[in-house]
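Below are two complexes that have chain A in common, paired first with chain B and then with chain C.
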Partner chain A sequence: MSAGPRRLSRARSEAIAGMLMVAPVLVWLAATILYPLGTSVAISLRDIRIIGSDGGFVGLGNYADVLEMARLWAALGRSLVWVTGNAVLQTLLALGTALLLNQRFRGVRLVRVWVILSWIVPTIVVVIIWRWLLGTSGGVVNYLLVSLGLTDRPVGFFAGQGSAMASLVVINSWRWFPFVAVMLLAGLQRIPADLYEAAAIDGAGPWQRFRRITWPLLQPTMLVLGVVGTLLSFNVFDIIWLTTAGGPSGATQTLPVLIYETAFKSYRLGQAAAMSVLVSLLLMALAVLLTRALAPKGQG
Partner chain B sequence: MATRWSIVSGVAAAALVWGAAAAQAEPVRLVLWHMEQPPHRVARVQELIDAFNKSHPDIAVKQEPQSWGEIYAKAPAAIAAGNAPDLLFAIPDFTPILKDLGALQSVDGFVKRLDAEHHFVPSALAPYSYDGGVWAVPLYNMAMSLWYRKSVFAEAGLTPPKTWSEWKAAAEKLTADGRYGIGLPANKQLYTDQTVYDLMVNAGAADIYNPDGTLRFDNPQTVKAYDFYKDLYQFSAADAPGWTWGEAEACFASGGCGMILQFTVISTYDSQAEGDAQDLGVAPIPHADDRKESGTIAYSNAVMILAKDEAKRKAAETFIAWLLEPETYGRFLNMEPGLFLPVTADGAKAKSLWSDPLVVKYKPQIEAMIANSRNGALFGFTGGHTFPSIAAISAQNILAETLQKVVVDEMSAADAVKAGQARMQEAVK
Partner chain C sequence: MKRRLGQSLAIAGGLLGLAVVVLLPFWFIATGAIKAPQEIIARVPTLLPQSFTLRHFDKLLGASDYPRYLGNSLVVGLGSTAITVVLSVLAAYGFYRLRFPGRDLLFRAVLVAYAFPGILILIPLYGMMSQAGLIDTPAALVIVNVTFASPFAIWMMRSFFASIPAELEEAALIDGASRLAILLRIMVPLAAPGIASVAIFAFIASWTEYLFASVLILSDANRTLPVGFAGIIGQYQIDWGLMLAGATLATVPVVLLFGIVGRWFIAGLTAGAVK
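Then we have the complex of A and B:
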């Protein structure tokens, strides 16, 4: 009779102790996420132009205005192209690299470190390297293209509507795929070797082993990477801004770039805050959808 | 007991005296933001600051170079966050933004005192004088010119173009393997605003506003300017939609561009190219065939005092006054020889200006630039009017954005200019 309440009391005190331990983190998160988010909502309800100035209460007026903007929908479309392009390219590059690094060969440890280097390089250095590589005056890529007779004059990689976005996707994927590759490699190394041995004994070839063992068992890792990667890609601002600043002619103006321009170039802080709130809601919905869609069957 | 009290009182009094002395010795600290980022300019500004700080031990100035690309966003944010600098360089269309935020106090009285001593060029002061105040102190003038190599022109059988027909023909003829006939930007950035406006001025479209403050950007002369820009642009580099001043200068210095529009190329040409003063050509920007004379974009740069604290404002005035003294002013202007033209009468004659070795070497070019600057204009500040709403148009680079519609999206110049006027109307609302 006495053991029950004692156990209950112990469980309760453990729960309280646990809550006390996570409380500082929760308070910190509330201060760094909820407070700015709340401030954004408050700003979005006012007609504030330049940061630091006052503006009258307009209710949902800013939301109505931005939802009518053709620029917002165009930027949303470009953001989707950006996220999809990055997801596809990074997955292909990372999966290929992870499979390669999962093999046993001489110097594999060195190669694993080498591959991660592009992820360590600061963004500004990445941008300078690629602008130099793809430049028309002295750019190595253009030099090779012209020297090999593949084109008669240098190509303006950041000058065309389509080529600018494609170039940015390549640059961003180049920067991020090593991180994804390392995560996938960790996932690959958790797959028991005896599964492959048993499959090989049963006569399964490399493709069948990949399809029936590797791919299904990588799904939990892919799920996490898919959700986190999509959200991170969507919010990328630095590489785009530093390389093309959303140009040429708005060709690479994704939603984060549009929000920045609306706040700090057009001086419409209230509208920019409304856009931010809408994007936050969109990303939350996207995270829920992705989690449900990508969750391995049978895991609820 | 009495002895102990004596010791305590003595120590306390000494601490007070020391504290007061320390407080007195503590200099007034000023933070200066400017957008002259190239390392040699930063170094020259530092030399001047070091000299000033040495001769004024009660003031300590510190520079923090910024970028023109970000300052329109960064300065209001810094003011809102309470981290604004005490002194901030400006161009005419930048001051209305900070004035509207209440960050500026008129420097009318200070400018009058400086004017009595140094005599400002009236056109340098005018863009900063509106709404009953003077909002910044002019520091230097800038004007764009056409830069070329005489030997390259001679080899192609060309003389400096005067009209647009001649200009286009020259660009076409100079286009060769490994060389663009002309380097023209198409970035959505201030440099492109400036080169577009160069063509607008030379097409007779210098006025973006009517005298009553309504917009008149959408007019046949503006369309003509954009049409011609597109004509010339075909002879420019393929990555010009990403260019700022530096890329154009680099293209010219390397010989990759036959000619460019630029405020100056003297420093880069001298240090990174041939450095042959006899071969460096500078000419007025060609005008439309139906016009008689050339014009250019020209405007004065200035410094705003953002400090609110009276001691800091006084220290800022001391620093600016020191900078405009003829013996220091020339050294300040020569942070980029030939680029920064004097805005004061005594500064124009200053020995410190004309004795710089680069200025001596490139004197004919600098005299030509000064001559070109005499027929200058600036969007939003023409016809004796000042239209502060130009700040919103300039901050969003709508002149450059309109150009991108023409050269990147291949929209007709007439449609792009019409759309540009609509964007301007939305921006100034």
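Then we have the complex of A and C:
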């Protein structure tokens, strides 16, 4: 009789405490993401040019202009190439690295920590490293290519349209693959060791163990990483901007670069906002996938 | 278990490859920073420096605004870290240890924020910041950095909170402790490694942020390292010595930080698995 109301009031106080604790971050995120997103829609309906100025209401005019732009569709295509290239290269590098770090050897803890070095340095450092290593004067990569006889003279990696995009994919993957590897390692360690022992007793070789145990059991982790990674690499702006600024002749102008240029170089704020809204809609489908994959499982 | 020779060789080969891919580039910039200019752009690159000079560091610290950018980045980084830690520890406790209506839905909303493309709200945020008088201040960057760091930070706290036995909480509740007291006196000390990993994530995220820092900061005096340093790079005549020295110095703080708490950070990323 007395336990009933007490339990109820305790559940209630727990609920109040819980809401109070998550409230600050929710208010913060709403004010800095949701509210601006709404403002974006408002801006996209106006002919605003330079930031801070005002412009007349043009309805869906900006959307019509933007959708007719060949540049928008070209940038969408480049974004797809960018996301796909990064996904493939990072998955390969990260999977190999994770399998290596999942072995037992002396110093494995140290390697697991420092492998992530390229991920923790500022983008500008990444950009300087690779602009120098891939450069035509003093660049180590070109020196190796020439001395191995693969080319006669240094390659201008950032000068060719295809090679600029490929180089950027390599640079961005170099930056991100250790992070992905550490996450995959977490997935690998979740696989029970007795499965491998049982398989070994049954006479399964290393390839069979990978194919039949590791690969299928790694799928949930890969799925989550795939969705999150796709969104994160879609967003990448700074590496591209600081290395090629979208060039040569637009060859590396992905959607984020195009939006940035439209807003802050061409001063067509309304149009840039319209692009932002369209891209948001495009990414919404992926976000839905992401939330389903990452939903919390039960209590704590 | 005895390991076969082939397996050992494969591991050694893999580690060598990993070292070449991850570490060698850093070796080249760190050693390049102390090479004489003509050696930096020599046709045949040198693995070990043949010359030694500190002139690039002299120029960087004495004749450029680099030290100021470094200071600005530290201020923004520490501010972002402090606020992110407070907000995300509170929220993670709420999400992972307490039950309340709408919890799962709100949690999903927070996760969506993690992968949210910053470029999509850059334009309206500029407008909001200028209305609030925050354009060209470190506060503007702190606000944005907290926004983009806290969702992942909350997620990182999950396994640390999950591993603390519920009995501890129960006992404290019976003693009449409030939820906040439980969080501060029991959960925070026990989840200290988690808090360290959240802090390092928030600091690194802020330390590397470029997009918002390039738009929300107008005056050279307030620029953070990534933007200010990018400005030092001349488009045509690149002073590589200066660049390599700057890149080396920008790497040092995060490497020091990572040397101290890096293993907790990796634990934070993988903890769910280690249990």
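Assume the second predicted complex is superposed on the first by the 265 of 300 C-alpha atoms of A that agree within 3 Å, B and C clash if a C-alpha of one lies under 4 Å from a C-alpha of the other, contacts with A are read in each partner's own complex, and residues count from 1 in each chain.
The criterion applied here is as follows: a residue touches a chain if its C-beta (ideal position, glycine included) is under 8 Å from a C-beta of that chain, and two chains touch if they have at least 3 such contacts.
Quantities reported herein were computed from a predicted structural model and do not represent experimental measurements.
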Query raised in the report: Who contacts more of chain A, chain B or chain C?
Result: C
Query raised in the report: Regarding the shared-chain residue A:Arg153, is it in contact with chain B (first), chain C (second), both, or neither?
Result: first
Query raised in the report: Is A:Val182 touching the first partner chain B, the second partner chain C, both, or neither of them?
Result: second
Requested in this report: Return first, second, both or neither, reflecting whether A:Val279 touches chain B, chain C, both chains, or no partner chain.
Outcome: second
Requested in this report: Pick one for A:Ser266: touches chain B only (first), chain C only (second), both, or neither.
Outcome: first
Requested in this report: Considering only the touch criterion stated at the top, classify A:Leu45 as touching first (chain B), second (chain C), both, or neither.
Outcome: neither
Query raised in the report: After superposition on the shared chain, which partner residues are touched by A:Ser53: those of chain B (first), chain C (second), both, or neither?
Result: first
Query - Partner chain(s) touched by A:Trp114 [first = chain B, second = chain C, both, neither] - result: second
Query raised in the report: Looking at the overlay, what does A:Tyr143 touch: chain B (first), chain C (second), both, or neither?
Result: second
Report summary line: Intersected contact list for chain A, partners chain B and chain C 51-52, 137-138, 260, 263-264
Report summary line: Residue positions on chain A within touch of chain C in the complex are 10-11, 13-22, 24-26, 28-29, 32-33, 35-37, 39-40, 43, 51-52, 93, 96-97, 100, 103, 105, 109, 111-118, 120-125, 127-130, 132-133, 137-140, 143, 174, 178-179, 182-183, 185-190, 228, 231-232, 234-235, 237-238, 241-242, 256, 259-260, 263-264, 269, 272-273, 276, 279-280, 283, 287, 290-291, 294-296, 299-300
Query raised in the report: Contact residues on chain B for chain A in the complex?
Result: 69, 72-73, 76-77, 79-80, 97, 100-101, 186-189, 237-242, 247, 250-251, 254, 256, 392, 395-397, 401, 404-405, 408-409, 427
Query raised in the report: Touching chain B in the complex: which residues of chain A?
Result: 50-53, 131, 134-138, 153-161, 164, 243-251, 260-261, 263-267
**Report entry** In the complex with chain A, residue positions of chain C that touch it
**Finding:** 11, 14-15, 18, 21-23, 25-26, 28-29, 32, 40-45, 87-88, 90-91, 93-101, 103-104, 106-128, 130, 143-144, 146-147, 150-151, 154-155, 158, 161-162, 166, 173, 178-180, 183, 204, 207-208, 210-211, 215, 225-226, 229-230, 233, 240, 243-244, 246-247, 250-251, 254-255, 258, 262-263, 265-266, 269-274
